[in-house]
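One chain, chain A, appears in both complexes that follow, with chain B as partner in the first and chain C in the second.
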Partner chain A sequence: MQALGAGKVFGLLLPERDSSPESLERGRALVDYLGIDHDVQDIAPTLAALGCYRWRDDAIRSVFPHYDETWRSKIAIAGGDKGRFNHFRLVVEDPQGRVAEQRLGLQPYLQIVAATNYKQRIRKTIEYFHADRLNYAVVGTPNRLEYDQGFFVKNGDGSADVKPIAHLYKTQVYALGRHLGLPSSICQAVPTTDTYSLPQGQDEFYFALPYQQMDLALWAYNHHLTAAELAETLDISVEQAQWVFDDIEAKRRATSYLHQKAVLLSSVSEV
Partner chain B sequence: MFTDDPAALADDDSFLEQGIIDSTGIMEVIFFLEEEFGIRVDDDELIPENLDSVNRIARFVQRKRVAA
Partner chain C sequence: MSAVTHVRLSAAVLEMDEAAEVARITTGLREALRSKLRRRGWSSRYPGVSIAPYAQALRCRP
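== the complex of A and B ==
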């Protein structure tokens, strides 16, 4: 924003049914702080019209038949930090606060993820509408952890014309925020997916460790430190540290296709 | 695997090291095993020792069916 000037930046706040109210508050705090023009658009009606919530809830009901829209839900990852295969668990909470969870089978898992991916993709559609309208570029904000480990939706939040902080570890992003004097509510925010109705940390959904430790683990792996050195730094066992290293590599392999262009049957060398 | 050549994957080759299976892939394998062999794969059985090669899966399914 400093490079372009406030008059050439447009902000979008795009909440939906499951968004935390704090996300909108922080978004407002940021656009107010930057002094940029912006728009707030509730995308819940669009998502509902597409069947996003219906497809998701049908899949959840195939696991927990009594689930309805008064319940809350989320998906949690498990296994990778314990040397097992990563797998996903569905967690639901009924209106009385009773929590139940179960390992997700293939079909409900795929359908829940496919349905919730609508959220990131609809947001991106709106971003490109405004970019086209204003002849602007779309800025994406993955940090290094998210970019490296494939924590984004292809053609959703993973799509952008410029990704200015993709090389920065999350710890550095927070430091940059403090350096720029951003509102404290932003500098102190805990990373969440803000995609599911139950509170869900990014580490719970995807990463093996909280981001401060995950940053150190990724840095250590990138700089060829040993599992023993990581274990000493994080105060975990050498075995656990090796699992974290293995998990970093497994996620790179699993998500490498997200970074790739479409496969052509024959090269088109002119473009 | 984009091949019809059975020799491209040896029975003891690691799916993980060969980059053949990711977390969604392992869910497909579990789904197949549970449907095909009528077994239930428990959470603590989701380990490479049970599922990370053709031979390991074969031995795992054999143990599960004997135990059932």
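== the complex of A and C ==
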């Protein structure tokens, strides 16, 4: 906004059925603070028409047959922080508040993720509609932790014309927010996926540690520090620190395709 | 033996000059929009549509 002026920035608030009300409140606080034009569009009807919720719920029912729309759900990562292969667990909560969880097999996992990825991709479609309409560029806001570790949906939130803070660790993004005087509700917000109906921190969904520690682990890995040095700083065992390093590398490998352009079978050198 | 033994790992390694970083991002974003995206064909994204309004919005020459 400082780079372009408030009159040349357009904001979009795109809640859906599983969005936290606080996300919309923080979005409104931000556009009010910036003084930019914006639009609010509930994307739940679009997602429902595409079958996003139905595909997701069908996959959940293959694991918990009694699950219905009155229940809440999320998936949570496990394994990588303990030196094992990463896998996902499905967590559900019935209307009485009873929680159950079970390890996800490959097919329901893929279907749940594919269905929920509709959310990020529909949002991006709407962003590009407005960018085309206004002849604007789409700005993406991954931080370094998310960009490096592949914490984004290809052709969803991972798509943008420019990503101006991808080089900054998440800790630094929070520091910039405080420096710019953004509303405290934003500067103090706990990062979540805001994708599943049960509350879900980013670390629970994807990262091995809370972001303050993950930032340090990624910095240490990038600067070739040893697991012993990371362990001493984070007050964890050397073995655990090595698992975190291994997990960073595993996620880089597993998500490298998200960064790649489409493969051509023969070069087209003219473009 | 780590390659950065002179730096003790702590939250301090992530500290930065926020004002300088804001200036860097501001400059970089303007440059990206004025130059880099144009070089990637922004002006010809829609044949017959001029980049002029876009460039004007950024106060730079089309």
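Rule of thumb we're sticking to: the second predicted complex is superposed on the first by the 271 of 271 C-alpha atoms of A that agree within 3 Å, B and C clash if a C-alpha of one lies under 4 Å from a C-alpha of the other, contacts with A are read in each partner's own complex, and residues count from 1 in each chain.
Note that in this section a contact is a pair of C-beta atoms (placed from the backbone, for glycine too) under 8 Å apart; a residue touches a chain by one contact, two chains touch by 3 or more.
Everything numeric in this text was worked out from a predicted model, so none of it was measured.
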First, second, both or neither for A:A254, with chain B first and chain C second: first
Touched partner set for A:N86, first chain B, second chain C, both or neither: first
First, second, both or neither for A:L106, with chain B first and chain C second: first
Touched partner set for A:K8, first chain B, second chain C, both or neither: second
Partner, of chain C and chain B, that touches more residues belonging to chain A: C
First (chain B), second (chain C), both or neither touched by A:H224: second
Residues on chain A lying within both footprints (that of chain B and that of chain C): none
Touching residues on chain A, where the partner in the complex is chain B: 77-80, 83-88, 103-107, 109-110, 250, 253-254
Sites on chain A touched by chain C in the complex: 2-4, 8, 135-137, 139, 161-162, 164-165, 168-169, 171-172, 175-176, 179-180, 212, 215-216, 219-220, 223-226, 229-230, 232-233
Contact set on chain B toward chain A in their complex: 16, 19, 22-24, 26-28, 30-31, 43-44, 46-48, 51
Residues of chain C defined as touching chain A within the complex: 1-4, 7, 9-11, 13-16, 18-19, 21-22, 25-30, 32-33, 36-37, 42, 49, 53-54, 57-58
